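Next come the structures, one after another.
Each of the next two complexes has chain A plus one more chain, namely chain B in the first and chain C in the second.
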Partner chain A sequence: MIRRRPVLSLLSALAMVFLLGPILLVVAIGFSSGDTVEFPPPGFSLRWFDQALSNASFQQGLLTSLLVAAAATLFALVLGIPVALAVQRRTFRGHKAVETLFLSPAIVPELVLGFALFQQLMVTMRITALGALLIGHTVLLLPYAVRVTGASLALSDPALEEAARGLGAGPLRAFFAITLPVMTPGIVSAAVLSFLTSFNNVPLSLLLKGPGISTLPVEMLNYVQFSYDPTVAAVSTLLLAATVGAALLTERLVGFNKVFSR
Partner chain B sequence: MTPVVQLDAVSREFAGTAAVRELDLTVRRGEFTALLGPSGCGKTTTLRMIAGFLEPTAGRILLEGEDATRLPPERRNIGMVFQSYALFPHMTVEKNVAFGLKMRGIPDGELRTRTGEALELVGLSHLAGRKPKQLSGGQQQRIALARAIAVRPSVLLLDEPLSNLDARLRIQMRQELARIQKETGLTAILVTHDQEEALELADSMVILDQGTVAQQGAPREVFRAPANRFVAEFLGYENFVELPDGRTVTIRPEHVEVLTSESTDSTPSDGTTVDAVLTAVRFRGTDCVVTAVSQGRTVLATSSDFELRSGRQVRVHLPAAHTIDLPRTKQELPTS
Partner chain C sequence: MSRKATLGLLLAPGLALLAFGFAYPFAVTLFAPPAAEHPDVLGKLGAMLTDSYVLGVFARTVRVAVTVTLVCLVLGFPTAYLIARAPKSRQGLLLALAVFPLLLSTVVRTFAWLVILGRNGLISDAVLATGLTDRPPELLYTEFALVAGLTQLFMPLMILTSYSSLSQIDPGLEDAARGLGASPGRAFRRIVLPLALPGVLVGATLVFAGAVTAFTTPLLLGGSRNRTLATLLYDYANVKLDWGGASAVALIMTVLVLVVGWASGRISAKVATS
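Then we have the complex of A and B:
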C-alpha cells in the first residue's frame, strides 16, 4: 500500500500529524506535574484535573453550557423539523425562500449575529443572560436542524406517507407511525451536531453572557488570558473524553456513518 | 350492479394546465382495467385522484356508488401498489403487510391470519421476519402487493408496478399479477405505459391522450381496430399509408408481405400491391425488418426471407384483411 502510493501515504501521514499532534500534546500537558504549560511535561500527575474539577467558574460554565446546548438543541429541532417537512414537500409557494431564511444564520458572521441579539434582546428588551443565550443558540442551531433533517427526508421515499394514508392511517397517525421513525436517524444526527455546535460556541456566548451566567468555552478563554498553568489542558482532555464517549454512544445507537453521511 | 369506481367528467389542472379533462370512467366489480398512455397523458393523475391523493378541480368520483370526491385516502378502502413499492423501511415484512389491518382495528388473531394469507398468496411467507432492504426488487414488489391486498380493498390501484423490474422478471410478475387478481376476484386499475402489459392483463383498456380518452374497449377490440393514428402508433402500428384511392390506412409491419420475382409472379387479388425498392434490411434472428420505398412513401415490413438485400426490387402487398382505415389527419407520411 505504502509502496504503491507514496505521495498519498505521505499526505495522509502529514494530515494525521497536524490533526492529532496538537490534540495529543494538550492531553499530555493535562497530565503534567509541572506548574506551567511545557512540553515534554516534567512528570505525571492528576493535580490539574483536580484543579479543573474544583474550579467554581468551570463548574458553573459546564452547567450552563450543558443546559443551553440541550435546550437550544430541543428548541431548534422542534422548530426546524416542521420547516424541513414543509420545505421538502414543496407544499407552498416560496418554499425556497423559507429554506434560505432558516439557513441564513449559518452565513451571517456569529459576532454580528451575537451583537445584533445582544442589542435587541439584552439592551432593548432587557432579557436575562440565560434567556438571551437560549434564544441566540437556538437561532444558531436552526440551520443544522433544518438542513440535516431535510437531507434525511430528501433521501426517503415521499410515497411512504401516502402508502400509510392509503392503508387507512389518518395524517397524524401516518406521521407518527411512518414519517417520524423514518426521519429518526436524521433527527439524531441533527441533535448530535447541534449539541456539539452549541457546546463549542464562543462568539455568541461571549456577547450574550451575563453576571454569573457564562459557558464553559468562554470561562476557559477567560482562564487562559490570565493563567498559564495546565488546568485548561486538563479541562480539554476531559471534554475530549466526553466527546469520544458521545460519539461511541451515537455509533452504538444509530451508526456513526449515518450521522455524518446523511 | 353499481360500478366500483365511477368518474364523472373529472378534470384536474396544475397551475392552469389541464392534466385530465372531463374524464368519464366506469370500472365494474371484478374487472381489470388498464389506463394506458405515454408519459404526461394523465393516467397517473387519474389514479391519484381515485386514491384520494389529489383532488379533482372539477367533476365527481364515486366509489361503490357513493360520492368520494372530497374523501381523504384513509377513508376510501383502496389498496395501492406504488411504482417505488413504498415499503416501510423500519418495519418487517409482516408488520408492513399487517399495517392496513392494524389501522382498521382488526383484532390480533384475525390480523395474524389475514397477514399470513396475504403473504401466502404472493408465495413469500418465509420472508415474514425480514426487513424490506433485505429483499430483491421482485420480492419487494410482491410484498407491496400483499400489503395492498390484505385490507381487502374495494379496488386495487397499481401505479406502474412492474416498471422497476428487469425484463424477465417483469413478464413473470405479469403472470403472477394476473393469477392473484383472478384468485382474489379483486377489481383492479393498472396504470402503465407498456402496451403489452395492458393487453395481457386487462379486461378493459383505456388509452389516454392529453388527459382525454383516445379509445376505450377490450384489448382485442382496441388492438385490432385502433380508432385513430395516436392509438395506432401507441400500439405499435408503424405504417401509415395513403392509398391511391385516397384512404389513409395503417398496417403492422408483420402483416405486410414482401413479394419477389422468385416467390411469386402473380399479383394478389385483394388489398393493395405496389412496386418498391428495399433501402434497408435489419436482421433480427427469427426474421428481418425491411424498409421498402415506393414513390417516396416508406413501408416497414417483416420477412423471413433472409436472402433479401438492400437495393432489391420487390413488390409490397398490403392485405385487405390487415389494413385498418384511419380518419384523415393532417400528417399522413410515415414517421419512420
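Then we have the complex of A and C:
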C-alpha cells in the first residue's frame, strides 16, 4: 500500500540533497578545467588529477596514511578479538565493566586523546611520531574491533563450540574450526570500518605528526587552508572512488548492513 | 590451563594498551600536564569559568551542537522512517546512500562547504545574480556555516540509529491505529514516535557529542572569529603552547560530553521502564 506523505517526503528529499549534494559538487569541481574553484566548471579536464597525483606531500601523506591504517587495523583486531571472545563467551565478575572500558576510547573527544598522547608519549617519553600515531590509532580502533567482532559472536550459538569440544577437539582446534569462521563476517566488517576510520582521522593525526610523518587528510587540511584550487577536489574524488569500491567489495563479501549495524 | 589464566591471557594485551595508550596519558594530561611553570589546571579552569571569552566559546559550542542535533532530527528522522517503510529490496540501497558519507573524510565533506558558502561561492553568486545587492552575504566563518557543515557530517548517524529502531516496529501497529480511526499524523505521533524514541535518543546523543568535539569543520568553516571548544583547545595546545590552559579546555569538553551521554542514558532507562 502506497501512502502519500508529502511533509515526510519533502523533509527526506531535503536531507538527501543536503547529504549528497556537496559530495557531487566536489566531484564536479575535481573535473574542472578552470584555474580556480568555480561552479559550474567552465569545462572538463583531468589537469587537477595530474596536479594531485604529482603533489609530493600528498604522495607521502598517502603512504603514511595507508601504512598507519593497515597496521593500526591489524593491531586493533589482534588485541580486540580476544577481548570480544572473553566478553561474549565467558561469564566473569565485572564483565560488563570490562566491555565498557574497552569501548571508552570512542566516548572521549579524539582531539583530547591526541593532545594527551602528544604530551605523554611524544614529549615526555620521546616516542617517535610514527610510534605515537600507531599507538593512538590502535586505541581509537579498539572499540570498533571489540564491538563489531563481538556482535558477530553474540549472534552465533556457543553450543557449536561446546559440541566441537565434546567431540574431542582441543580449545585451539575448536577456535579455528568453529569460532573463527563464525566470526569472519564481523572481522571483515570491523577491518573495513577500522581502516577507513583510521585513514580519515584528522584530530589524532594532526597532533601526532613529526618530520616526514603526516597523513593524507592532514596534508589536505594544510593545503585547503593556504590555497584554494581544485586539487583537493580531485584528491577527494579519488578517495570517494576508492571508498565506494571498498564498500561495494565489502557488500559482496559480507553484506552492507552488517558493516553499518555495528 | 585454568579458566582464570585463559581469561587473563585474552584480556591482558588489550588492557595493557588501554593503560599505556589511553588511561595513563589521559589522566596525566587532564590533571597534571608537564609545563615549565607550575601546571595549575584547576586554577586555569577557575579563571576560564569567569572569562567571558571562554564562556562565549562554550556557549557557542553548545548552541551550535544543539541546533545541529535538532536539524539532524527534523531531516534525518523522516528519512529513516521512509527508508524503514520502503520495500525490503530497496532498503539496503537507500540506507547505504544515506550512510556512506560517513565513510568519507571530514576534510572532503567540509571542503564542499567552502565552495558553497565562500566569497565567490555558489550562494553568493546566486545572490549577486538576482541584482538585488552588489554585496554578497557573509556566510563563511559564521555560526550558520558551522551548523551547515556539522549537520552534513553527522546526519547519517541520526538516520542510522533511527532506522534501526524504526525497522523493529511492526507496520501492522500503525495500520491498526488507522483502522481504529486515527489520522495518519495521529498514528505517527502516538504509535511510531514513542516506539522509536530510544533509537532517536541514541542518535541525538551521538550527533551532539560529535558536534561538540568536531575539529576539522570548525577550523575551516568557523575560522578564528567563531571558535568552538575544539579549536580553542588546539589553539592553546599548538599556538599559544599553554598546556595548562589546553588541559582545562580538554576537561570542560570531556565533562560536557560525558554529562550529556550520562543524562541521555538515564532518560532512555526511564522511557524503557515506564
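We take it that the second predicted complex is superposed on the first by the 255 of 262 C-alpha atoms of A that agree within 3 Å, B and C clash if a C-alpha of one lies under 4 Å from a C-alpha of the other, contacts with A are read in each partner's own complex, and residues count from 1 in each chain.
What we mean here is this: contacts are C-beta pairs under 8 Å (C-beta built on N, C-alpha and C of every residue); 3 or more make two chains touch, one makes a residue touch a chain.
Remember, it's a predicted structure, so these values are computed and weren't measured experimentally.
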{"item": "Superposed partners chain B and chain C on chain A - clash or fit", "value": "fit"}
{"item": "Following superposition on chain A: angle at chain A, chain B versus chain C, Cα, nearest 10°", "value": "90"}
{"item": "Touching partner for A:Met16 - first (chain B), second (chain C), both, neither", "value": "second"}
{"item": "Touching partner for A:Val232 - first (chain B), second (chain C), both, neither", "value": "second"}
{"item": "First (chain B), second (chain C), both or neither touched by A:Val108", "value": "second"}
{"item": "Touching partner for A:Ala159 - first (chain B), second (chain C), both, neither", "value": "first"}
{"item": "Chain B versus chain C as contact partner of A:Phe176, first or second or both or neither", "value": "neither"}
{"item": "Residues of chain A touched, compared between chain B and chain C (which is higher)", "value": "C"}
{"item": "Smallest distance from any CA atom of chain C to any CA atom of chain B, in Å, after fitting", "value": "12"}
{"item": "Chain A residues contacted in one complex by chain B, in the other by chain C", "value": "171"}
{"item": "Touching residues on chain A, where the partner in the complex is chain B", "value": "156-157, 159-160, 162-171, 173-174, 177-178, 181-182, 184"}
{"item": "Residues of chain B defined as touching chain A within the complex", "value": "51-53, 72-74, 76-80, 82-84, 86-90, 99-100, 103-104, 147-148, 151, 157"}
{"item": "Partner chain C, residues of chain A touching it in the complex", "value": "3, 5, 7-9, 11-12, 14-16, 18-20, 22-23, 25-26, 29, 36-39, 78-80, 82-83, 85-86, 90, 92, 98, 101-102, 104-105, 107-113, 115-121, 123-124, 135-136, 138-139, 142, 146, 171, 196, 199-200, 202-203, 206-207, 217, 220-221, 224-225, 228, 232-233, 236, 239-240, 243-244, 246-247, 251, 256-257, 260-261"}
{"item": "Chain A partner contacts - residues on chain C that touch it in the complex", "value": "3, 6-7, 9-11, 13-15, 17-18, 20-22, 24-26, 28-30, 33-34, 74-76, 78-79, 81-82, 92, 95-101, 103-109, 111-116, 118, 120, 122, 151-152, 155-156, 159-160, 164, 184, 209, 212-213, 215-216, 219-220, 230, 233-234, 237-238, 243, 246, 250, 253-254, 257-258, 261"}
